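The block underneath contains the structure these notes are about, expressed in structure tokens.
Residue numbering begins at 1 within each chain, and the chains themselves are lettered A, B, C, D, E, F and G in the order written.
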Amino acid sequence: MIQITAQITLVLLAVSILLCVIRLVKGPCMADRVVALDTIGLNLIGFIGLIMMVQQTILYAEALLIIAILAFISTVSFAKFLEGGVVVDRNGSSR
Amino acid sequence: MKTNFLMLHTITRIVSFIVLSFSVYLFFAGHNAPGGGFIGGLMMAGALILLYVTFDAERINRVLPFDYTAIIAIGLLLAIVTGLNSYLFGDPFLTQYFEYYQIPFVGEVELTTALPFDLGILLVVVAVALLTIISIAEDVS
Amino acid sequence: MNNIVLLPVLIPFIAGAVLILFRHFPKLQRISSAVVMLVMLAASVLLVYSVYQDGILTVELGNWPAPFGIVLVGDLFASLMVLLSSITGVTCLFFAFQTITKEREKYFFYPFYFFLLTGVNGSFLTGDLFNLFVFFEVMLISSFILIVTGGTKFQLRESYKYVVINIFASMMFLAALAYIYGLTGTLNLAHIAQQIEEIGQTGVVNTAAIMLLIVFGIKGALFPLYFWLPQSYYGPPAAIAALFGGLLTKVGVYAIFRTFTLIFVHDISFTHTVLLVLAALTMVLGVLAAVAQFNFKMILTYHIISQIGYMIMGLAIFTPLAVAGAIYHIAHNVVVKSALFMFAGATQKITGTNNLKEMSGLLKTHPALAWLFFISAVSIAGIPPLSGFFSKFALVLSGLEAEMYVIVAVALIVGVFTLFSMMKIFIYVFWGSPSLQRSDYSHIKLAPLLMPIVPFIVLTIAMGLFAEPVFTFIQLTADQILDPSIYIDAVLGE
Amino acid sequence: MEILMIFTSGIIIAVATYLFMTRSLLRVAFGVVMLSHGVHLLILTLSGLETGAPPLLTENAEAYTDPLPQAVILTAIVISFGVTAFLLVLAYRTYKEHGTEDLEELRGNADE
Amino acid sequence: MQFQILLNIVIAFIWMLLQNSFTIVHFVFGYIVGLGMLFFLRRFLRFDFYFRRVYAFIKLLLLFAYKLIEANWDLIKIILRPKMDITPGIIAVPTELKTDWEKTLLANLISLTPGTLTMDFSEDGDILYIHAINVPDKEKAIREIHESFEKAILEVTQ
Amino acid sequence: MSLLHFVVLAPFVMAIFLPFLYYKFRSIHTGWFLLPLPLILFIYVATYIPFGGGGMEAVEHTVQWVPSLGINFTVYLDGLSMLFALLITGIGTLVVLYSIFYIANKPDEPLNNFYVYLLMFMGAMLGVVLSDNLIVLYVFWELTSLSSSLLIAYWFHKEKSRYGAQKSMLITVSGGFAMLAGFALLYIIAGNTFSIQEIISQADAIVQDPLILPAMLLILLGAFTKSAQFPFHIWLPDAMEAPTPVSAYLHSATMVKAGIYLVARLTPVFGLTAEWFWILVIFGLTTLLWGSISAVRQTDLKGILAFSTVSQLGLIMALLGMGAAALHYDFIETETMYYTATMAAVFHLINHATFKGALFMAVGIIDHETGTRDVKRLGGLMAIMPVTFTVSLVGLAAMAGLPPFNGFLSKEMFFTATLNVASLDIFNLETLGVFIPIVAWIASVFTFVYSMMMFTRTFTGEFKPENYEKEVHEAPAGLLISPIILGSLVILFGLFPNLLGYTLIEPAMQAILPGITPVGEQFYVNIYHWHGINTELLMTVAVVLFGLAIALNLKKWAEAAFFQRERDPLNRAYDFGLDQLVVQSQNVTNFHMTGRLRDYMLYMSVFIVGLGMYTFFRYNSLDINLEGQGGIPGYAILVIGGLIASTLVLPFVHKRITNLVLLGVIGFLVALLFVIFRAPDLALTQLLVETVMVVLFLLVFRHMPEITKEKKAPLTTTVKALVSGAVGIFVILTGLSVHALRAESDITPISDFFIENSVPLAGGYNMVNVILVDFRGLDTLLEVLVLGIAALGIVTLIKHRLKGDEDV
Amino acid sequence: MEVLVSILLLTGGLLSFLGSIGILRFPDVYGRLHAATKSATLGVIGILTGTFLYFLVMHDIFVGKVLLGIIFVFLTAPVGAFMISRAAYLTGVPLSKQTEQDDLKKARSEAEKAE
């Protein structure tokens, strides 16, 4: 039963990802795209959790956590870039 | 009107510790689970990059006052020397050794020369990522 | 003593890593790099000697048997190439001492230099296809940096193209590797050769072969894959241009030789005909481009291309004599081409320009420079009794023996054009009245500039006058690579 | 599955090649990233997909996926990363010196 | 100092989580790892924290989780409504919370509960700007925040 | 190493030490140090002359050089090589002596260069004539070309010198290259030997080989370029920019005769073929005619002599061709009929060396003393320079073929030979042969004319001091010695031709026509002045009469357009060719080396697809294996679909940040695929790398502008799309076939080993990691090296900035 | 237990799906952020909880990393939203036309006046 629901959920997530890709392509503004990217990241986390169940392995737990971390890092970076084009400030005065 | 990143800064303080721990974990887990010096190094770099992105280069440089070029060299040398170590036993370059030890209260522990080798790799990876990012970030021209 | 095979890779690797730490101590860097380079030269000589004495030497890294681990293989050909790389390495290093700025030294010049040699020597010695890729990358990334170091407008612009094209080539390498691993399930060159023999060099195997040829062709600057070379080799300092011009393209050529003598030897009528056509076109277009130039270094860079054609010609003819001729040509070219680039550097230092039309009459003011240049120019044009003659002669003779008349005709005509463009340099730079140069360069001392070049000149003369021992050795080399089973047995055991 | 993946890598490689031929320094760099994706997937695909468990012996499976291509791809990913990073900086330095991002304006010849 | 020890223990605990193994070995090892990290980042630590608040903090989290699930429904309804008739707006919410920690916590909670989203802080950090998906009554919204989350947080931190 | 080897090497050895002598003893003219060498060599070679008659035994010594290529330094001294060696050393001695007085020892005169070139040439030339091995001969051959060019450009500040040097180098070396190929063919035909004597010994078999004709043509190309045969002669007049001693030595007496030597040497090999005969005769006579007519047009004395030399070389060449006919008659007849031509060739060779040498030296003296060689300015020197005048008169008379000088004798023999050949019954000579004496006669008329002209316009007429920049007087004695000696020889050989008979001519002829002497017998050369009134004599008389007529009417002739232009019209072809070579090369190069990355990528892609597809379909490689394609999970298809969709959108996106976000998504999706395909380590790495990369891109974006909009060029875009599509299709087709072939073959990948041994032998459960750090640790070490280098490179790129002229 | 896990999975999946629909449907970036931060986050947390429970119960494996993942998402999702919305607002991404009030704008214009 879990296998079936996992499969269904996987498809749901895959569709979600596709929807996000549409938003990502459509924009219209950059913030929209970053939102889409962020959400794709979130969906991927779920996706991998599900794959773990489908493939009956916990080997992807690291991947799961890493995506969570990386989605955060990239979202923050993108957002900072959007705000002023500067991702890493040289010194504290700029904020 | 000036605003501030209060929320980001606070969360990053916590998150960076989680990520750093995770990176160390990945490094050690590598031989038997996904991970290793490479992935661990990148993760560690990721944590530090997060700090750089969240705060500013000057501040983090003060926290981490390392000469990354030297770390690259040291990492490389560490890996090579680990590889050369096999000459002590008359084996070819890069021959790795491992042994399981029973340590009281601890249980069986595997000690392997792959570990210092991997550590060298981790050092290089971290240094490379940071050196690159800092160099670009600090370029003013 | 098989570990001797490892030394040409390990020595520069460690040296490079250590020298990173000493970037702020130029003197220390110089002394230690000179010592290391000389040690490397000694190691290379020892390697050649050992291989000559004991046959093919292999090192199974990590003590894992081939084909499972990575194996380094020192056969005669590889050892010879390593020796050439060390010779070039030494002289270009000493030339660099004289010509490059302190600023460059501070920015890791020596580490990059040694890493480049690591990549080059590794590419020669490795017996593993993927490891070859990795060594290529070590070499390329170092070359990217050495080419762009200094960061002038011109360098940046042309390096970008160089880097992009080389990345493209690397990716195609990986694609070819995907095909080959898919077909053979292995990465060890000897093992691949075995497997290909088993499944037969038919159908898509040939496509994979052609893919590899193209990949190495890009690295080795074959027609029509050489676009990256001329401008990008023009930019860097002469010491680097000399190293690149002499050595780097030969790595691609070496790889073509290796794969098309070891692995893809079962359908010569097709593969080697392709090689033949490419060789001819490479020669002709390269030399025409050289003829068109009025810039010292530019002429030399285009000549690299045309000379590659000769090497591939030898492989394409595929008789022992032809392959020996090609290897001789590689050796000759490494020596002479490096020397020529250093002459360009010395000339530039004296006159402040590379433009032929802006210099004149150096024969009067700098006779030693002129004559040493003359010898190498004449050598590269294939005039006896210098090294260039013997390689060309062996190629011509073997081409005629194999009844491949067109390529021989092309080779000879290209020889005339080579002579023409070399003479053009001599006429513009060394003949004429010494009046055009900017006078503020006249204080430059020539002797230290020429010292590193002299060994090359001695070599090109010696390789001509004492062609017999050299040629016998190279014939042995050719015989060895033309019999893949020797290599396969050495790597995989009987 | 393999056939689908071969098509996927082919398409990625085609798009990457297209990007290589654009006139923007940056788009070429994007092309580099794409090309490496395509090639990595090709290696993975051609060495056989889904033949067993992930290559970790803790899994106690009967068959494992071929670990060698994975190691190879991993190395290739890292190398591509290093090279791309370098290219990127090269692109921006080129832009800084030349004041243009347009490869069409970055032609030129030696005698200048 | 207290905090650092605590943090060290937390790291060790995280370590055990990562290892999937709650043995003393891994705790000690994790503790050592944490010690190393703290050493390298020592100049970076300047927040204060007390052990006794951990419990309250966790309690807050649970409370929040409950609110989260409860309120999610609203958003789904909005999303699935054929025509989105919403009246979004940005509200300035002054807060009495003092430390960065408290403010962050509040902002986090606001963001995670449906309908509201922390957008920005004023320079001194005393005003949170919140984007609300539906602002029929601004004052009510502010009051709600003050009464639920802010109060709970103050409970935890004092 | 024999003494003969040393004869060849001695000049080279001396050349090494000469510069030291030059710098050490600046006050002494360097030529003096040199002078003894050719003299000693001459004397040594002269000891081989069979003064007792009866021909000579050939001497052969071998030193191994590159035996594995069949190249050995074998010296071979027979009559032919001896004759040449004597010429080289003998004239060499005189020329060195002459040069000591000709080129003053001034401070900025690089005498060391001059004599080193001269020594190089001397050694090389001796090497050419003394080598038995074709390749060694070739080596020295090219060295003569080199040293000749260097000598021509001795005064390299003059534009004309450089031009002449380049021209001579290009033409002679090109010919040399062809010759080398010819030698190689000969090697193959003769069964792997480069030894001339061995090749000659198989001559009969060799002629049957189909490759003999190309070999001959290639070798003749070398000989003709060197010996300035039409149409390759154009370098010789320009070579006159060299100092006159050089012209006298290289460009009339010795080097230009290297081609003659080679033809004579190989006559036993090729002589049996009709092609040899006709090619030599036709080119020889054409050269003879063309040279003699062209000489008439010249106003520069050295120009006249240059074309004269061209024409005389043609004469000798033609004679050698005719002489080869003798090989067809097995020398049964004792009549001189068949070998007259060869004898004439050898004899004229010697004569030409003497009178032309004398004339060149005389012209050099005139140039030296008057400062000009222009016949329009010269005149009336007879009284002012009596010695020079006398020498010139002797030389000119010999050149014109007047008795009693040696030129007369050889000219007569030449006529005899042409008449003889016209009556032979081989090679279609019955019909075509008649043209030979006619052409010979016409050429002789012109030879007479220019000799006459030189005489009248230089020495007779009115002396006009205003034409000269300095005071004109007779040359110093030292300068006169050499021409006087040569002039004396002209007279001596004219009066006593049989001095040369069995000493030089006969041994040489034995070498050229090996069968000429039956075993155990001797062959005697006898040359007579008076043969009675025969056709030849009548021809000579006619030459003089017609020649006088023309010479007297020279003004009228000079008005004809052909005679207006001093430069040989063939030069225009050469100059045009060279110009076009550069221009067209530039066009070709600029056409494909556009500097556009896009073009390069396009060419390369087209090439990859073209060659790849060709190979693919040449072997019918297409093969698709559909097994195992079912059971693709839906989510995987969706992920792949998303990946493809994102990828395809990429080319249409023109905002860099959108591009980057898309790239990030694609990276994530690829990582997801890695998860789906059971590669956790890859997924992790991909994700991490992707993120760091994204951050890098973002950092770089700060420094860069929005990406360039493609200009609307639908064609280019279509081409790019098509080509990249083709690349994709190629990758796909090959991939499909590889996949299918893999499924069919029973190859087991080596990875089983890793699966079995990771834990027991390497102590790790993560096979990928074990491979990375252990099985293939080197790869990993190097990959981080790549990373490290890249990072240091980035630092360097950013911080290290030079302007470009700080170093080289 | 299986049922609980299944429900968690399906709810999570649906939430994520709805979140994505929200991302598509909301008229402005801020609205989309709401969808992303709440629905998607909660959805993922649901799925991860399901995964965690699945392995804990069915396989008796305590997958700490998944738990850590949940915590991590909890902590960071709001920050991400905060960063994006802030950036969007500061770079002048317009609010949807339905927006009724904007205190931030007021504050900003006041601050500008003060300067």
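Keep this in mind: contacts are C-beta pairs under 8 Å (C-beta built on N, C-alpha and C of every residue); 3 or more make two chains touch, one makes a residue touch a chain.
All of these numbers come straight from a predicted model, not from anything done at the bench.
Visitor: If every step must land on a chain the current one touches, say how few steps get you from chain D to chain E.
Guide: 2
Visitor: What chains do chain A and chain B have as common neighbours?
Guide: D, F, G
Visitor: Enter the minimum step count from chain A to chain D; a value of 1 means the two chains touch.
Guide: The fewest steps needed to get from chain A to chain D is 1.
Visitor: With contacts defined as at the top, give the pair, B-F or B-G, that has more of them.
Guide: By number of C-beta pairs in contact, B-F is the larger.
Visitor: Which chain has its C-alpha centroid farthest away from the centroid of chain B?
Guide: That would be chain F.
Visitor: Give the identifier of the chain nearest to the protein's overall CA centre, each chain being represented by its own CA mean.
Guide: Smallest centre-to-centre distance to the global C-alpha mean: chain C.
Visitor: Among all chains, whose Cα centre is located farthest from the one for chain C?
Guide: E
Visitor: Based only on mean CA positions, could you tell me how far chain C sits from chain G in angstrom?
Guide: 57
Visitor: From the C-alpha centre of chain A to that of chain F, how far is it in Å?
Guide: Chain centres of chain A and chain F, defined by C-alpha means, are spaced 70 Å apart.
Visitor: What whole-number Å value describes the gap between the mean CA coordinates of chain A and chain E?
Guide: Those two chain centres are 21 Å apart.
Visitor: How big is the gap, in whole Å, between where the Cα atoms of chain F centre and where those of chain G centre?
Guide: Chain F and chain G have C-alpha centres separated by 80 Å.
Visitor: Which residues does chain F have that touch at least 2 chains other than itself?
Guide: 595, 597, 601, 678, 680-681, 683-685, 688-689, 691-692, 695-696, 699-700, 703, 731, 735, 738-739, 742, 749-751, 754, 765-766, 768, 772, 774-780, 783-787, 789-795, 797-799
Visitor: Residue numbers in chain E touching 2 or more other chains?
Guide: Expected reply: 14, 18-20, 107-108, 118, 120, 122.
Visitor: Which parts of chain D, given as residue numbers and ranges, touch two or more other chains?
Guide: Chain D, residues with two or more chain partners: 13, 20, 25, 28, 38, 40, 42, 45-47, 53-54, 56, 58, 68, 72, 74-75, 78-79, 82-86, 89-93, 96, 106, 108-109.
Visitor: Touching pairs of chains, which are they?
Guide: Those chain pairs which touch are A-B, A-D, A-F, A-G, B-C, B-D, B-E, B-F, B-G, C-D, C-F, D-F, E-G.
Visitor: Show me the residue ranges of chain A that touch chain B in the complex, using the header's touch definition.
Guide: Touching chain B from chain A are residues 59-60, 62-63, 65-66, 69-70, 72-73, 76-77, 80, 87-92, 94-95.
Visitor: Help me check something: in the complex, which residues belonging to chain G touch chain E?
Guide: Touching chain E from chain G are residues 15, 18-19, 21-22, 25-28, 30-31, 33-35, 37-39, 41-42, 61-65, 67-68, 74-75, 77-79, 81-82, 85-86, 89, 95-96, 98-107.
Visitor: Using the touch definition from the top, list the residues of chain A that touch chain D in their complex.
Guide: Residues 55, 57, 59.
Visitor: Quick one: which bits of chain B touch chain C in the complex? Just the residue numbers, please.
Guide: Spelled out, the residues of chain B in touch with chain C are 69-70, 72-74, 76-77, 80, 84, 86-87, 91-96.
Visitor: In their complex, what parts of chain E are in touch with chain G?
Guide: Spelled out, the residues of chain E in touch with chain G are 14, 16-20, 61, 68-69, 72, 75-76, 78-80, 84-92, 107-115, 117-120, 122, 127, 129, 131, 133, 135, 138.
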